[in-house]
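In this document, chain identifiers A, B, C, D, E, F, G and H correspond to the written order of the chains, with residue numbering beginning at 1 in each.
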Amino acid sequence: MNKKVMQGNEACAHGALAAGVRFFGGYPITPSTEVAEVMAKELPKVGGKFIQMEDEIASMAAVIGASLTGKKVLTATSGPGFSLKQENLGYACLTEVPCVVVNVQRGGPSTGLPTSPAQSDVMQAKWGTHGDHPIIVISPSTVKECYTLTVRAVNLAEKYMTPVVFLMDEVIGHLREPIDFDEVKDLEVVDRKKPDVSPEEYVSYAAGEDGIPVLAPFGTGYRYHVTGLTHDEQGFSTMAPPVVARMNQRLMDKIDNNLDDIITFESENLEDADVVLVAYGSSARSAKEAMRWLNAADQNVGLFRPITIWPFPEKEIRKIAGNVKAIVVPEMNMGQLKLEIERAAAGLTKVIGVNKVDGEPITPEEIINAVKGVL
Amino acid sequence: MNKKVMQGNEACAHGALAAGVRFFGGYPITPSTEVAEVMAKELPKVGGKFIQMEDEIASMAAVIGASLTGKKVLTATSGPGFSLKQENLGYACLTEVPCVVVNVQRGGPSTGLPTSPAQSDVMQAKWGTHGDHPIIVISPSTVKECYTLTVRAVNLAEKYMTPVVFLMDEVIGHLREPIDFDEVKDLEVVDRKKPDVSPEEYVSYAAGEDGIPVLAPFGTGYRYHVTGLTHDEQGFSTMAPPVVARMNQRLMDKIDNNLDDIITFESENLEDADVVLVAYGSSARSAKEAMRWLNAADQNVGLFRPITIWPFPEKEIRKIAGNVKAIVVPEMNMGQLKLEIERAAAGLTKVIGVNKVDGEPITPEEIINAVKGVL
Amino acid sequence: MFEKWDIRLSGTGGQGLILGGIILASAAVKDGFNAVQSQSYGPEARGGASKAEVIISNQEIFYPKIANANTLLAMSQQAYDKYCVDITEDATIIIDSTLVKNIGADKAKKRFIIPITELAKKETGREMTANIVALGAIVGITKVVSEEAIKEAVLERIPAGTEEMNMKALNAGMKAGQELLQTMAS
Amino acid sequence: MFEKWDIRLSGTGGQGLILGGIILASAAVKDGFNAVQSQSYGPEARGGASKAEVIISNQEIFYPKIANANTLLAMSQQAYDKYCVDITEDATIIIDSTLVKNIGADKAKKRFIIPITELAKKETGREMTANIVALGAIVGITKVVSEEAIKEAVLERIPAGTEEMNMKALNAGMKAGQELLQTMAS
Amino acid sequence: MNSAYEKYFRQDRLPHIWCPGCGNGIVLSAFARAMEELNIDQDKTVVVSGIGCSSRATTYVDFNTLHTTHGRALAFATGVKLANPELNVFVFMGDGDSSAIGGNHLIHASRRNIDITAIIIDNNIYGMTGGQYSPLTPTGKKATTAPYGMVERNFDLCELVKGAGATFVARGTVYHAKQLTDLIVAGAKNKGFSVIEAVSQCPISYGRRNKMKNALEMINWQKEHAVNVKAAQKMNPEQLKDKFLIGELYRAEAPEYTAEYDKLIERVQKGGK
Amino acid sequence: MNSAYEKYFRQDRLPHIWCPGCGNGIVLSAFARAMEELNIDQDKTVVVSGIGCSSRATTYVDFNTLHTTHGRALAFATGVKLANPELNVFVFMGDGDSSAIGGNHLIHASRRNIDITAIIIDNNIYGMTGGQYSPLTPTGKKATTAPYGMVERNFDLCELVKGAGATFVARGTVYHAKQLTDLIVAGAKNKGFSVIEAVSQCPISYGRRNKMKNALEMINWQKEHAVNVKAAQKMNPEQLKDKFLIGELYRAEAPEYTAEYDKLIERVQKGGK
Amino acid sequence: MKKYQVKVNEKRCKACGICIGLCPKEVFGEDYLGKAVVKDDGKCTGCKICELHCPDYCVEVGETA
Amino acid sequence: MKKYQVKVNEKRCKACGICIGLCPKEVFGEDYLGKAVVKDDGKCTGCKICELHCPDYCVEVGETA
């Protein structure tokens, strides 16, 4: 046993370091700043680079630039900063440059409640930038997961050559819990592929059978072009409709064809549940607490916790919807993932939101009351 | 008859002028630039102000600042610029400052296809900024509507004290069609309410029964505070949960309680349609053309065209879903509003997308083929 | 009767073809028709092939783009090569022989070859007016809009002070078109 | 048996209560318990009332916040007034009488009044160590964690060079707590 | 202070949220005295700020106040001023707010020479977020994101806005509180874009970390290191080592933007081109 | 040109998309010749650009090329350079790209003195979007968004970056194409942030609207209005009226950012604080 | 010689120590919480350094008789 | 005196007129599309102004015998 009490934000930073992140570009913002602060302190020790850029737009740009040199990269922000990163986040999606963007959600909209928790950037994490684009969004519920899932986020980014949004919330970000470092010391670490052909044969955006391109680090002898314009396999801009269609489709497919690998979730008591709670992030903790009490009172209540928020575990929800009286969705927002759950449920069951936007976390009691209303 | 052949972008600018817009702050971007160019030319003539700001963030800020002096304001942009405006768009939502944001959609993601049409910012228009927030989004299908609906957009902004997104696409923006100015000369124009109490009694964000606050123009003797922090009725920041909850709820309610006034749509042949096409923007023109041919071939095909995209005409779609074999949704994206339609349809019917992201508009033939597949 | 003209004006950036399209659409509106005009851009709306499309119809026009033109104007070799294949069976095609030297790729039955740019230079001293000459030729050949309407429409859209020059250009084009039409008819 | 401690440390920014909470949670972990620590911020995490919460349990801790504390430390008047109402029926409440002058708003049956800040100054010469004195008092009174664990935890989290001073503070707190406990028990 | 205090502060909003010894409060009183000296019409005055401790200033002063987004205050203010040039517009910003995320708006307001007076409270740090380095944190100093000392070069803010075109550039300090009022008055009177950098102290997030144990020590540091620009002319480089200049540093004549726009409107409405 | 052309251009990407007579092509050949003179390692060189006509440069030159988002080229480049300081980094930007939307990154790259060479093609206009005014459009000139003449003041770009801290600042023109190559070479050799403003012509979106009928006329305008900074020293204000300076305008010594960061790493890894 | 009365709004004083340290005449002392208290305003010269520098507007220097 | 051969890559020439106008020796003329054509490179002095200023890299000045 090698337990250390650590904050969620700190754990995220240490997870990133363990995953091999060696470049951090960011801009401070509550409640995510501790991620940057740990990186500023730790990166030089391992020969990595930390830079506080002039704003979030520049931070996002800097990590993309750094990633193109072959480094694993991270940036961290919260609501307003996440809004500012959107344009360049879209650039990373299209140019297929791996990077992890941490968003520790706080109360919104606008400057809102900078020190209060919320989960109101869930839809923004998928739809925040213009144009159709793929995205992977992962949401931790414990401090330990802040560590382990950051490793996973970095792995997914490198494997699928894509930005991954690590969607935390203020409760988890500032919570301190023990992590047993013996348990997390052997996590798998994935590195992006290197070209296995000579520079002459290399075609940057050709993408093999898996649909994932191999981008050689700048400076290693493979000269190619990267652009945010819609481009062809050679990486050069094109307006030819068939090429455009093909490239856009591949971009989506590289995620959509690998849902089984990308989507993870936790579930409990689904078998003969009358009501299933669907919750993520810190709200899933409230939901678990509620379930503990409800089960103790012999109520058949189950829990489904999406860990991968996007792509959304649609299939699993559909299945649950067919078997229950109601799905109850506690979220610290006005009902966002609930919309997607409703869509997936396709009228098979009621979907009931437990929503709260007053800057306070949802309590187990509030969930219990909602469940009692339908049982 | 007083017809003039005009471009969609131009018509939008002239509509804004007719609605009383007297301030434009923008930053050029294809394919929206003509809106700015017309405003630059016309505003000084009527004593209004045009400014090209240093970027889209600043443009959004400037129009909000100008609106607070009591002016009606407009800004215009496209994809990447719309991404950049998001943070301050959220600020306008929370501070309840009326403004109209034109987004002439182009191919994305990222820089994408700057001169090609797309409809891939539909979800972004609702979810692009962090935090839960209300938004009104309107989408025109003809050049005439670029004029008349811009007037409506300005009216709604002023009436509901909220930003309105005017969501065009490149096809409509650059299309030239005749407008008969005799037909549009008497459009209703709405001005925001003025305080009907003395400065001493004035409470900026108190909001009357209608839930809409009255913000006195700066400089008229009503001194108050505006902040993007979550605030109380006096406009000052607060973290008190009940106040936060109340203010956030009112913000949503002022839209949600007025759906009948805000939501408009066009429908045709819904009565005994086997298939209904749901389309908006320029794709609705392709859909109409398709319907014309299908009806000519005695097929029972109807059309539902949301003019207000957000809030979404959910009730209407639910009703249609109950009566048809399928809903077909042509969109120049990978299926965005389709998701919302699926949700609203709640499993009552099939929802089939006709999607295209190659930079070309959807042809009537493509829609006809999709319909034939289900008939 | 359902009447519909799908007209494509093609050439290079800077030739004023979009303005030509607008004028044509305006003229059609003056004649009481419905009309829409659109164009497609290269990556930057400059250089390379340029095209403007005009649809004119006595019914409402929904879909505003043209797949196959029934009238094509080609004012550059590149544009000719690119667009002469996307035409209807009985399309009319009008070619500026000053700029298009290799003709033959198209399968048009009604092909009119006119040295439009040369004519513009000769008649007005300025190549710039080639688009107006071309409009004249189109109207002269197709009669898609009335002479009156096209004149009015041209006058509305050109810079003040250039009226005379543009009328000269328009008339030259119409005359060339009509003459050619008669030659072919006879 | 399900054992759970809901401990709230309250005072003003700058008193080091969050560090106190972290140390307490760490000590609990050393003792083999589960523990979580959280805090709430004012608009800027500085000034005004500050609170740190620690939950210690022998079971997994899901919901990490505290509604009603069963142990409350109050190190400012404002914090006392604000938080002394949100406690369980049988809560233990520990008050720094150096800073809290008006006592009585709470309904706690187990109320311990200790001049924590004064004690810190006296024992170590530095008010700064009041948080450690307070920790000592909490442990002395509640025994929520072992003396060993709290010592280790303190030593792990304080700046090098201040070990002696902090041990003094901790011991002073424990002693004060234990003494008071005995007095009350007797 | 008293009369200025009573007139220009929102009494019901005090005490402010700033930490003990924070320089923001002192700058704000210097501002209030300047308003008094200008005998300004509160109804016709807009005070805009960004996000940061310093930007909370707008909560406390009794004008039309606009607390905007981080870094964007000048862009909002530009909209206010251009839409209604009759309004007096002042802008409060922090060093990070104005020169990091807001740097672009700062140089463009300077370029346009729009009639706005910007008061930049320079406490060398991001106070609000707890002490990260800013573009005005001196090289070598510590911050939570510069645990080994600030490795970047810092701006000379006054040189920056001068290079960008501001027509009134001054620096003051919290210690020289009276002069600060004078500089704000002079800036307000300049018909164009005026920048007053107010060197201030953040004992909580900057001082402690950089071996200045309290506000008093920091204020005394200002006293010892600031040299009036006029006095500096008679000093040699040796004497000026480690010192910074205060006072009116730069002035220039240039057309003011909103006035030029009004002329444009007049010209256009008369049919000009 | 020939050997530089063959070596440094992506032959298969030409002809470029620029309009007839556009200055971008001329600046790019000046750049290629500079690369030849520097005998640069293409594999170890990254060329970054933003969005605009000028920024299309990265399509045509045979390096590691990165065509980014509008205004952000320097922020991307900062990431590239800091992550791998062994790479030579050049950045192409337009006047709008660098000084409007990208102004903040420009001043921060200047402040950091990061070892990047920025070539700003100043054609006084937004070319790509068809002729809107930029912060470098001279007051009074016409643009589609300044139909009555540019009402704002324009930046002096070189003064701006100097005020922000750049350590090498130069201006060249397309007409003085050989000198432009020399300036790029000198900029590249400066260990720090170097800015070369390349005055260029956009006949399509700027010239025509401002009574210069073609590229040739615009190039000749450059010839007639540019004065070498050395020659200028001997000229009186009368003679310098309406003229602009070209050549090396400013140089300074300052620590380079990525080198400083490497020192920091060394210090930390040795256990320093 | 003029006489001055110095008042501290104790409620609002945040105990920053500025007035105490800056007053050239040592007019102020501090209470157990570090808040400023007027020890002896007889020495006050009316320079108002304290008033100008109190970040919380709690010091008031008035002229008496 | 050295002799020079001047070549124009006609395919790539965009007819901008720069080389034609800048050449001090009037070596270039233009064809019917405005493209540069070498009229007489006998007069060429090898100054390379044309080559340096062609935006489309179509002019090549070579030394001959």
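Everything that follows uses one rule, which is that a contact is a pair of C-beta atoms (placed from the backbone, for glycine too) under 8 Å apart; a residue touches a chain by one contact, two chains touch by 3 or more.
None of the values given here were measured: they were computed from a predicted structure.
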Common touching chains of chain G and chain F: E
Between E-G and B-E, the pair with more C-beta contacts: B-E
Geometric centre distance via CA averages, chain B-chain A, whole Å: 29
Centre-to-centre distance between chain G and chain B (centres being mean Cα positions), rounded to whole Å: 59
Length of the line joining the C-alpha centres of chain C and chain F, rounded to whole Å: 42
Chain centre separation (chain B, chain D; CA means) in Å: 54
Set of chain B residues in contact with two or more other chains: 30, 44, 54-55, 57, 80, 87, 91, 110-111, 114-115, 227-229, 237, 239
Set of chain C residues in contact with two or more other chains: 42-45
Contacts with two or more other chains, residues of chain G listed in rising order: none
Interface residues, chain A side, partner chain D - complex: 3, 5, 30, 114-115, 171, 174-178, 282, 285-286, 288-289, 292, 361, 363-364
Residue ranges of chain B touching chain A (in the complex, touch as defined): 57, 79-80, 82-84, 86-87, 90-91, 93-95, 105, 107-116, 118, 120-121, 123-124, 126-133, 227-230, 239, 241-242, 244-245, 248-249, 252, 333-334, 336, 339-340, 342-343, 346-348, 356-360
Chain B to chain F touching residues, read off their complex: 27-30, 33, 36-37, 40-41, 44, 50, 52, 54-56, 80, 110-111
Residue ranges of chain F touching chain E (in the complex, touch as defined): 100-101, 103-104, 107-108, 111-113, 135, 147-149, 151-156, 159-165, 254-255, 257, 260-261, 264, 267-268, 272-273
Chain E contact footprint on chain G (complex, rising order): 12, 14-18, 20-22, 48, 51-57, 60
